[in-house]
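So that we are looking at the same thing, I have put the structure below in structure tokens.
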Amino acid sequence: AGGGGGDTSDGAGSEGAYTYVNNAQSYNPPRHDAINVIADQFSELGLDVGVDVLEWGTLFSRVSEEYDYSFATWHTFFVSEPVTELNNLFNSANTDPGQGNYSGYENPDLDEMMANYLAEPDENTRIEQCHEIQRLLMDEVPMMPITQMPQAAIYNSNQVGNWQADLANGFNSYWTMINLEMKGGENTLKGYWPETLSTMNVLGHNDESKHVYQFNMLYDFLVQLNNEAGPDPEVSLATDWERVDETTMEYTIRTDHSWHDGEDLTAEDVAFSYNYISENEVPLYSTQSEYIDTAEVVDQETVRINMAEPLGPFNLGVANLIPIIPEHMWADRENPSQQNIQEPVGSGPMMFEYWEQGSEFAMTRFDEHFAPVSFERRFWRVIPEASTVWENLINGDLNYEPFGRIDRSLDQNQDNENIGTTFQTAPTFWMFTPNERQEPLGDKQLRKALVEAIPRTPIVDQILFGFPETGSNIVSSAFGDLHTEDVTEYEESQEAARSRLEEAGYTWDDNDTLQAPSDD
Amino acid sequence: MAQEEQTGRSIFTDLDDSSSSKEISKWQRTARLWRETLRDHWGKLTDELSVKLSLITVAAFVLIAIFAPFIATHPPLQRQYQSDAGIIMDKWAEPAILGADTGYILGTTAEGFDIFSQLVYGTRAALMVGLIAAVFTAGIGTLVGLIAGYYGGKVDDALMRLVDFLYGMPLLPTVIVLVAVLGPNLWNIIFALIVLQWRSTARVIRSQALSLRERPFVKAAEVAGAGDWHIISRHLAPNVLPMTFLYGSFGIAWAILAEAGVSFIGLGDPNTVSWGTMLQASRAYSALEFGAWWWFVPPGICIGLLVISGFLIGRGYEEITNPKLQ
Amino acid sequence: MKNDVLLEVDDLKKHFKVNQGWIASLMQSVSGGEPEYVHAVDGVSFNLHAGETLGLAGESGCGKTTTGMSLVKLHEPTAGDIVYNDKELSKATDAELKEFRQNAQMIFQDPFESLNPRMTVYDIVAEPLRIHDIRNETARVQRALEFAELLPAEQYFDQYPHELSGGQRQRIAIARALVLDPDFIVADEPVSMLDVSLRAGVLSLLDRMTDEFGLSVVYISHDLSLLRHMCDRLAIMYMGKIVEKGPTDQIIENPQHPYTQALINAVPVPDPDVGRERVELQGEVGDVIDIPTGCRFKARCPEYIGDVCDKVVPPLEQKVNAEQDIACHIYESAEGYDPYEQLADERQERNVDASDTSDDTESVSADD
Amino acid sequence: MSLLEVNDLEVYYETEDGPAQAVDGVSFELEEGENLGIVGESGCGKTTLAKAIIGILPDAGYINDGSIGFKGDDLTELSGPERRRLKWEEISMIAQSAMNSLDPVYTIREQIVEAVETHRPGTGRIESDQMVTEMFELVGLDPDRADDYPHQFSGGMRQRAMIAMALVLEPSLMLADEPTTALDVIMQDQILKRINSIQEEINSSMLVITHDVSVVAETCDRVLVMYAGKVAEEGPVEEIFNQPYHPYTIGLKRAFPNIRMTDQDLLSISGYPPELVDPPQGCRFAERCPMATERCREEEPEAHYVNGLRSYCHYTDDIDTELRPYADDARTWNQTAAAQNMGGD
Amino acid sequence: MGKANFIIRRTIQLVVTLWAVGTVLFGLFRLMPGDPTSYVVSSQMTQEARQQLIASYGLDQPLHIQYIKFLENLIVLEFGQSFHSNEPVTDIIVTYLPNTLVLMLTAFIAAYLIGITLGVLSGWYRGSRFERSTVITALVARSVPTFYVGLIVLWIFGAGLGVIPMSGMSDLGTGGGSFLEMMFSLDFLHHLLAPALVLGFYFMGYPLLIMRSSMLEVLSEDFIDVCRAKGLKERTIMFKHAARNALLPIVTAAAIALGYAVGGSVLIETVFAWPGIGREMVRAVLRRDFPVAQGTFMVLATTIIFLNFVADLAYGYLDPRVTYD
């Protein structure tokens, strides 16, 4: 069986007809392990699979640009709006290198369905359309969620409580933070991350969670979501909004708000932020910029945003994501994404305190904020050694675990008297993606068989200690109404896979190697 | 020989220059020269107890490496399945030596690999890295050192600038970059180590060659008309051999340490089990935190043992080659 | 004198470049400086006759070894030439050079260093034969060892140098030198490292060598007592030049050059009854990089006679008697050379120079 | 009372095969102002003897028996600090390879001053500098160069600096171990001359160790010939050179060429000195002596006093009468040489 | 050849070597598989935005233009901006290098002081039990990887006994002060202790062994005999003469070893979560952040080359025999 030999491998990576690309063990041990397990099962099924362990950058470009892979698995985050993401992943127009549709799945019907959805202003219609899309995708399986990763709040229960997650950012969200309750006289929220932040530039980061989680607190956004994934004017910069027509939104802004440096935050700033980001083609917000034409100040408290093309879920897809930046700081800056910002000035509930690169990042409470947090400071420590985190967490040097690492330590420590945990289904998953550009992976039946061969339950139970759910639908139940249970279900069994393949005309040769039907 | 006839006086005149009945074969003698040199060194080496113990340790590891398939109880990268369910892994089996009823001498890793078998197979990787890197670093270093030292001048200058340049390259970072470029596998690690490590051997051998070149016995060969290669191979090489061995045995130690370091950062060969990758895995899965010392400790001990053996052999060698230390 | 000249050394010079790295050379060539040289041998001429033993004597560092090494082509001469068999070696073909190599051998000072410690005696002695592809190796090796009084020869075949005493080693070095049946041998202090009790043996072997082989020997040593014992003729060197040469007895009994006199005077005598008049030679050998003008010995010379010594290099020529060549201005030349003429010439030149560049009083004429 | 009285001294070295008897029962006396030369082949124990006297035997070496009387004290009985006080103050040395006997990282001045300060702690800087200057002048070195490092000196200059250092405390005994061996004739001549004249000046005694008999002939009053750890012969220099009684002395003397004598054949003493770990019984020279008899091989010779000489040969008394012509003939020695070579080893 | 000349020469050599290191590095990074932008871009980024990004880093230009640019920048010690943080690489180096240096130098200096002293003693008392045990300790110290010892120390003293902090250079949440302030705080020393000890233990072996054999060589020199004959005290001979001479080979060895140490800092930095330049370099390499990788690597290389240079100068100072040719 595959994976069976330090002795047999010649060290040069895969030799097989199929290549399963894997991340390095140190990068993510359980996933590394899971991929090896799946590859074993594929071998069992008669596929000649080799596992290529690549360091993350190489892996990413092998898959998303070179398409030099057979199977890929990583952690995919669907943030806030599933179809925007699905459109990015499966639209037939997106199959060029780097464009997002790396699986190479092409289906004009699906393209049309997604286009309709995105242009549809009516929420209920959208829900229906979304269900359709899910059904189609889960039957065609261009991509299959292996596990539905939960979001986990892991914290020192003596020091902090009331963890409420939001859909996109889980327990690191704005909503969570403004609702936290500190206990036992503690007034600092103490977290960690395995590696250092890269930048303090809200327009120049790479969208990794570690950055998003900071900038969500440092900056305000026109619209903020509550734990129902609904835009909540109570806690947003905009106290009201109105869809003027298909391509126009108007937002009413708080007028009593100010920046961390004391300057007033005005409608001018909001309009500036939108115009500046779209005019400068800030790469990070390029998807959003496509929908922004111009933003203009209507009056002191009203900003109008003109879309370049109609976007139904504008609040979720754009207004919730574009940070509002101070004009007085940014107006003179050219090439915003490459600015080296040392002390960011925002207007969010936390303000910058210090950033010791490689060691620690700290923010303090911005007392003037309309949705204040209950702790005075929040710092993140860089701690690469996972084992030391738990030590700190239990003795209270740290009081929450933002990374949400699901591993044996969590399993063993979750019952500790000092530790509290809260879980919530999230729209993120480990996916299984076959490369349809490689024959015969374009064959739906083969894909289905492979999905059946994936031991989802053992992976969840054994490798992830039962924390996640097994994957069943690409649109997670976390999306509430947008999710439907009514999709094709797949057995987990070699037998099912084998008989499906037999039915589809596949055969096995003397070495038990799978042979595609000779004649299509 | 014109002069000979003139004076007519030579003790060799009566020898028939064409007869060659009882000649001793050149190759036989060359072979013997090397054999004697090696035996001589070997004899001196094994005089010291610590060296003897080290040699035995290394020999034991070599045997383990060779017979790994017979010693190991399982393939090192084979997940240990539970019998009935087929795809369910055995979760973190405790070691049998601690009385656990699992059948795995040192238990299994978090991924379900048999630790004992990994340890056994890891010997192969360690020895491969150590020996190959050592042979090549010492070999290349010796060759370059001899050539630079013997020819001197521009050749020397060019080669020594190369060595200077290599001395400017920080070891571990360079290996990391090379491995990142070439891809994480054992051969690339070995290659990267060799690329850098021959520098010190070359430097030392060069200075030896420089002084040997001026020694009268080399001059005598030169006077007799010996060619460059003849002098390098028959006069210089055998005399720098102790240094080559010395650096070779240190090279084993360094290479193994470096491989462990590179693996520890996560650039080890994922398809090969080495002690370094074992350590890295045990750390990735926080073995220490859970008190699974049977996963974390044995590879470290093996590394230490093999490395210290390398050092001891090297040191023993140093003592015999440098009489002042005796 | 009969024309049995084996080797003719003609104004041999060997200069060593003072060692520099490439950057230094580069900088030097940029700044236009001259590289510096050690003038180890600086114009030496003599003939070596067949069957004679020529002694080279002089203080440490005067260039004896360098001369000897140049004779056996261990150094490429900087200038001058060696004529062997009527052929100038610098123009010799490869085949001629190979023949020369067979006929020129050298014995070195240090018996502990002159044998490869990793080779057996047999291999050491046989090596030259192999290089020159001479048949009958074993018999020749045996013969050579026997000649060197290493008996029975076979017993030594498989021994390593470290198993032998200094005297035996030096005998092996001699055997190695002889095995090719050479015409001449350069012996550089062959016994100075040997214990007293062993010296005589090696010396008598060297004696037999000249007698029985008809070999010519260049014997290098600073021990004049030994040279007197061994040599037919002597050449005394000082700072890369020969200052006096002639038949041994004549030079020892009747030295002419002040340096030779001092040298011979300094030799201790193993006889408490013989009192020596001890004229101590002051100072030390001068700088061989920046060699002084005129006579090189002038600074230490008890007979210094002024300007002419300062300015004019004394040529080595016949002076007091027919067989002794001397390089010193205090004797009148028998060949008609007048150093004062040259001195006058130089003065004139200097004056011309001075008038040309009247403000540059620093300019001193170069001496060669 | 003599300045130095060595009595039956035995100095052994610990080796793997047992003790090497490097000095084995050596006795001699040295009067004040007298120069004693010690000659002998390499390895006969000359340096060991000197080291034992000054008290710097290496770890492996130890005095097995005997005494070293110095100005009435037995040096072998003194405690460490007492012994140390005598060093350099009373007994100084010029080491075998003076070229390497100076610490390369300190200036000559520092090294000389160090000796002064160690033994005369009160000495001021100016005073000790003055002493350095004096000594430099005495040995014929330019005092301005006292602040040079040893490597900046030539071999001869280093040797003189070494002598300056040895003299600085005006010791009553100086041990000069091969003071000129590494030097060429001219340098050797300069040094020997220096040593002689200085000695006259400060009237110290000296032990000159060398294997070169001409050096002894020129510098010493008396000579001690050593062979394989034992005394072979001892006596005034003239007697030893004119009419030695021990065959070894005869051989040794004749092994040196003499620039003044051309017709003399050199002779070589064949063979090697015996092993010192387990020396043969009887006369140690017997194996190499062309005149040895059974008795020589079995019975250790006693001291014979003849003609002012002390000679350890059974046939001392017969030499003059019968053996001398035989011993003086080079052929006698060379025949044995050939025979030994034939016989192999 | 004078000292000034020597320094000029070595400086030229240093520059040439650095150029070579830089060039090789440039080549290597361009050969690396994977796309440098893959880390910078978010999955939502459009293709044009991506191209624009690549262009803004100059990665779309032909190699030789990039190379010339690189050289130009190298000359003014300008390594460009990080692809990730857009921070000038120089700033990044200034942030991380001191952390590494503080740790390494503390450990190194302590290790050399102790190692040299022990080496002197074990050379002096050769054959004693003391000698044997120091030598064995030194060998063991050098044979077990630092990261391994580090992890064990962390496990026992950090997690187990709780006497040493588990990570970083300061207590959690106490940052924000200046580097100097931090360096002289007790808290910092507390954090420095464990990694410095682990490193120091490892570093110590080398000088100890070298010093010992160097001592043995020196002790067989003749001048030691003369020192004894001069009646000097044993301690004076041991330290003032023997050790002083034996120190010479250590200087060169130390420079090279410090080079190795700084280069190998990544391991201990990883274990103790020490925000040093080694870790930053590895991070940059793995994330294809070329400017940072090049910059940090060059800094390490420069440090090493410079240290060798300093060692040569120090050697000249310690050994009067050295002439600068």
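Letters A, B, C, D and E mark the chains in the order given here, with residues in each chain numbered from 1 onward.
Here is the rule we use: a residue touches a chain if its C-beta (ideal position, glycine included) is under 8 Å from a C-beta of that chain, and two chains touch if they have at least 3 such contacts.
All values derive from a computational prediction rather than experimental measurement.
Asks: Taking mean CA positions as centres, which chain lies farthest from chain A?
Replies: D
Asks: Going by the contact definition above, tell me which chain pair has the most C-beta pairs touching.
Replies: That would be the chain pair A-E.
Asks: In whole angstrom, what separates the CA-based centres of chain A and chain C?
Replies: Distance between chain centres: 88 Å.
Asks: Calculate how many whole Å lie between the centre of chain A and the centre of chain D, each centre taken as the average of the chain's C-alpha atoms.
Replies: 92
Asks: On a C-alpha centroid basis, what's the spacing between chain C and chain E, in Å?
Replies: For chain C versus chain E, the centre distance works out to 53 Å.
Asks: Would you kindly tell me how far, in whole Å, the mean C-alpha position of chain E lies from that of chain A?
Replies: Chain A and chain E have C-alpha centres separated by 39 Å.
Asks: Residues of chain E that touch two or more other chains: which are they?
Replies: 13, 33, 159, 270, 286
Asks: Would you mind listing the residues of chain C that make contact with two or more other chains?
Replies: 21
Asks: Give me the residues of chain A that touch two or more other chains.
Replies: Touching at least two other chains: 55, 385, 387.
Asks: Residue numbers of chain D touching chain C in their complex, please.
Replies: On the chain D side, the touching residues are 41-42, 154-157, 183-190, 192-193, 211-215, 217-218, 237-238, 241-242, 251-253, 255-260, 262, 266-270, 272, 334, 337-338, 341-342, 344.
Asks: Where on chain A is chain E touching in the complex?
Replies: Where chain A meets chain E, its residues are 55-62, 64-65, 88, 96, 98-100, 188, 190, 195-201, 204, 206-207, 281, 283-284, 286-288, 290, 335, 337-340, 353-354, 356-360, 362, 377, 379, 381-385, 387-388, 391-392, 397-398.
Asks: Under the definition above, what is the set of chain E residues touching chain B in their complex?
Replies: Against chain B, the touching part of chain E is residues 13, 16-18, 20-21, 24-25, 28-29, 31-33, 139-140, 142-145, 147-148, 151-152, 155, 159, 209, 213, 216-217, 220, 256, 259-260, 262-264, 266-267, 270, 278, 281-282, 285-286, 293, 297, 300-301, 304-305, 308.
Asks: For a test of understanding, state which residues of chain C touch chain B in their complex under the given definition.
Replies: Contact set of chain C toward chain B: 6, 21-22, 50-51, 69, 72-74, 85, 98-99, 101-106, 108-110, 113-120, 122-124, 127-128, 130-132, 134-140, 143-144, 147, 160, 173, 176-178, 180-181, 183, 212-214.
Asks: Considering the complex alone, what residue numbers of chain E touch chain A?
Replies: So the residues of chain E in touch with chain A come to 33-36, 38-50, 52-53, 56, 81-82, 84-88, 91-92, 95-96, 99, 154, 158-159, 166-173, 175-176, 270-271, 273, 275-276, 279-280, 283, 286-288.
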